[in-house]
Amino acid sequence: MTNQDEFKRIAGQLIAAGRFIDSKGWVPATSGNFSVRLSDGRIAITVSGKHKGQLETEDIMLVDGDGQSLDGKKPSAETLLHTSLYQRFPDVQAVLHPHSLHATLAARLFKDEMVLEDYELLKALSDIDTHQSRIVIPIFANDQNIRRLAAVVKNYLDHHDAIHAYIIAGHGFYTWGRSLEEALRHLEALEFLFECEIRLHGVKK
Amino acid sequence: MTNQDEFKRIAGQLIAAGRFIDSKGWVPATSGNFSVRLSDGRIAITVSGKHKGQLETEDIMLVDGDGQSLDGKKPSAETLLHTSLYQRFPDVQAVLHPHSLHATLAARLFKDEMVLEDYELLKALSDIDTHQSRIVIPIFANDQNIRRLAAVVKNYLDHHDAIHAYIIAGHGFYTWGRSLEEALRHLEALEFLFECEIRLHGVKK
Amino acid sequence: MTNQDEFKRIAGQLIAAGRFIDSKGWVPATSGNFSVRLSDGRIAITVSGKHKGQLETEDIMLVDGDGQSLDGKKPSAETLLHTSLYQRFPDVQAVLHPHSLHATLAARLFKDEMVLEDYELLKALSDIDTHQSRIVIPIFANDQNIRRLAAVVKNYLDHHDAIHAYIIAGHGFYTWGRSLEEALRHLEALEFLFECEIRLHGVKK
Amino acid sequence: MTNQDEFKRIAGQLIAAGRFIDSKGWVPATSGNFSVRLSDGRIAITVSGKHKGQLETEDIMLVDGDGQSLDGKKPSAETLLHTSLYQRFPDVQAVLHPHSLHATLAARLFKDEMVLEDYELLKALSDIDTHQSRIVIPIFANDQNIRRLAAVVKNYLDHHDAIHAYIIAGHGFYTWGRSLEEALRHLEALEFLFECEIRLHGVKK
């Protein structure tokens, strides 16, 4: 398959992923962005400012591994958060940034992290094989300086065990996977678990 | 393009907007109304009493800049709230009045205004470029006398900085934009932010 | 139009109403029932035990004004609640009995009635033209003896002003209208208002 | 009808059931599994690891009455919970295991069981003919050792009256029926009732 064929195929998958994610209400207005790494290392990523439930092929652009535009289109300011993940994790092939209500509320209700324990659905996360796991989702302060925010994420990853996702306060979350399918499975499972934790927050058990 | 062509195109966009807004549950029963300003200054607006998820071309009418019917159809009682916005803001081309649950609850839980701060999604509002903004959404008392209600809105606008929307207590909200697309983006973002604030209301953080 | 043509048209409308009501989640499992009065006084009503989101023409039957089957099909046990309303209100042409979550919760949270005030959406109810109305929705205890339950409803109606709907505890609600369209508008508006009241119940304002 | 025809028909019904259940949000990520007993005693069941809203015929496999694969495909680890139910209840023809938010929350809010009383919708459960019934849904601790978990369920069933469903903590619930249609009716009714109980939990009545 030529590079161009691969790009078209991936763009179609990102468009379909956007429709699915929007149907759940997880990318309101023009929020969110999604990417997939191509076999030659370039990254297909959604452009800035489009509604993610109404993407067209021209709304998917190509950047290099450092986030520089390869086709003249304007990448989202947050492209650097995608490329940082690809640089750190060689087996990651897809990164999703939804902007869901529950991730937004999470950062208001929990301080520095959410802890997910004793949920069977944790097994939907890669390399987790029992509900008796303790999964930490760090919450980082929002920052319009994406380079500085990326450095905060990098510093966290340097000093902690592998994570499956992180939340940016008031700004949704990032998750990723070894395929777009796996990243979507992570997204759907985490959104469910975030909602569980938020519904249980403050409830007398 | 002739005026008639433009009207038909705009009517189609309003019908599609109505289906989208209704699919979210934001215009229950026959509530809500929507309008777009045509290039010659006339305003295409939904007629009174129709379900906004089931609009047909004949349910879109034309009024002049003062809200007088230009085609014999009966305008909604609230047409004056639309024309007031077009008169004040020359660059506004679309006004949307959804009647959502969260806007309705907002007026019961917050007194005179909602304050939205520290949300990335604020950047979906026009001319906002950081989550570190403080956005005020005023809440006005409901009034069946629309002329009096319009005067209250006018008085507020005369004495405050520009706003992106206002809530009428027990009666949904108004938002607008330099295009129908922008007004829809404002609607979707504000509804998300209203839900965040309502979910956080009274929660021990 | 022949009687048979009218029945087929009405059956089609009831099937479409069922799909709409089910799409909102207001008739879970095989709950709920709907009817329309034909021009000759017979009543088209959903049969017992079918899923209201998946109705077919054969799931709509005919009863006379007293609820006796006219076509050998088995009417729902609650048919008498429909025919009682048609007998009392000569201008009522449609009765809807959804079984929504909010109506079910309402009966647990409020004692004998719900009071709806200061909502613009009250104007979606027939003969209401201002939000400054006070609408009472009585809540009756559930009873498997439908004849006895119908007598309780009749007694209430004999001694109170006209109402737009009533709730049966743990059993959804009944609403009606001068057309199926009006009954659907009542249903959608009341469900919205019930949700408002339930969301506000116990919230510190 | 040949066995192969029956299998194809049943597989189609399981695929449709999966789409319906997923449309409600009750099988997030790749959670949940469903089965139907064929007329010759073999069991058609969803394979491990697929999204239940996107099932294809190849995702439905055949196991014998003890849960052993009959076609070389890998059965879900939880197959034993299905076959245990078929062994105990000769008239059960379908078993559904959704993984809904409300079932997941239920196990956190209620200790050993949920009690459902005074709901008309209890009549959607087989052999229940009045809302004045008291239905107990036991909650079992989650366990990655499915054989041990199946033994706990068996022990409970040996010492209690017949039940319509059971919850596994943090892991959704199991329900069943004399047909797939009945099992789906049970699922829809129970999910509604679980949501009622959870919404009422901790609310001052």
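Chains: A, B, C and D, in written order; residue numbering restarts at 1 for each.
One rule holds for everything that comes next: a residue touches a chain if its C-beta (ideal position, glycine included) is under 8 Å from a C-beta of that chain, and two chains touch if they have at least 3 such contacts.
Nothing here was measured: the structure is a model prediction, and the numbers come from that model.
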Joint neighbours of chain D and chain A, given as chain labels: none
Shortest chain-hopping distance from chain B out to chain D: 2
Interface sides of chain C and chain D: same vs different residues, half threshold: different
Chain centre separation in whole Å, for chain C relative to chain A (CA means): 45
Chain A and chain B: spacing of chain centres that average the CA atoms, whole Å: 32
Sites on chain D at which at least two other chains make contact: none
Chain-level touch network, classified as line, ring, star, complete or other: ring
Chain-to-chain touches, reported pairwise for every pair that qualifies: A-B, A-D, B-C, C-D
Complex contact set, residues of chain B against chain A: 118-121, 124, 129-132, 185-186, 188-189, 191-192, 195-196, 199-200, 203-205
Touching residues (chain side chain B, partner chain C) in the complex: 28-31, 51, 99, 101, 104-105, 108-109, 142, 144, 168-172, 198, 201-202
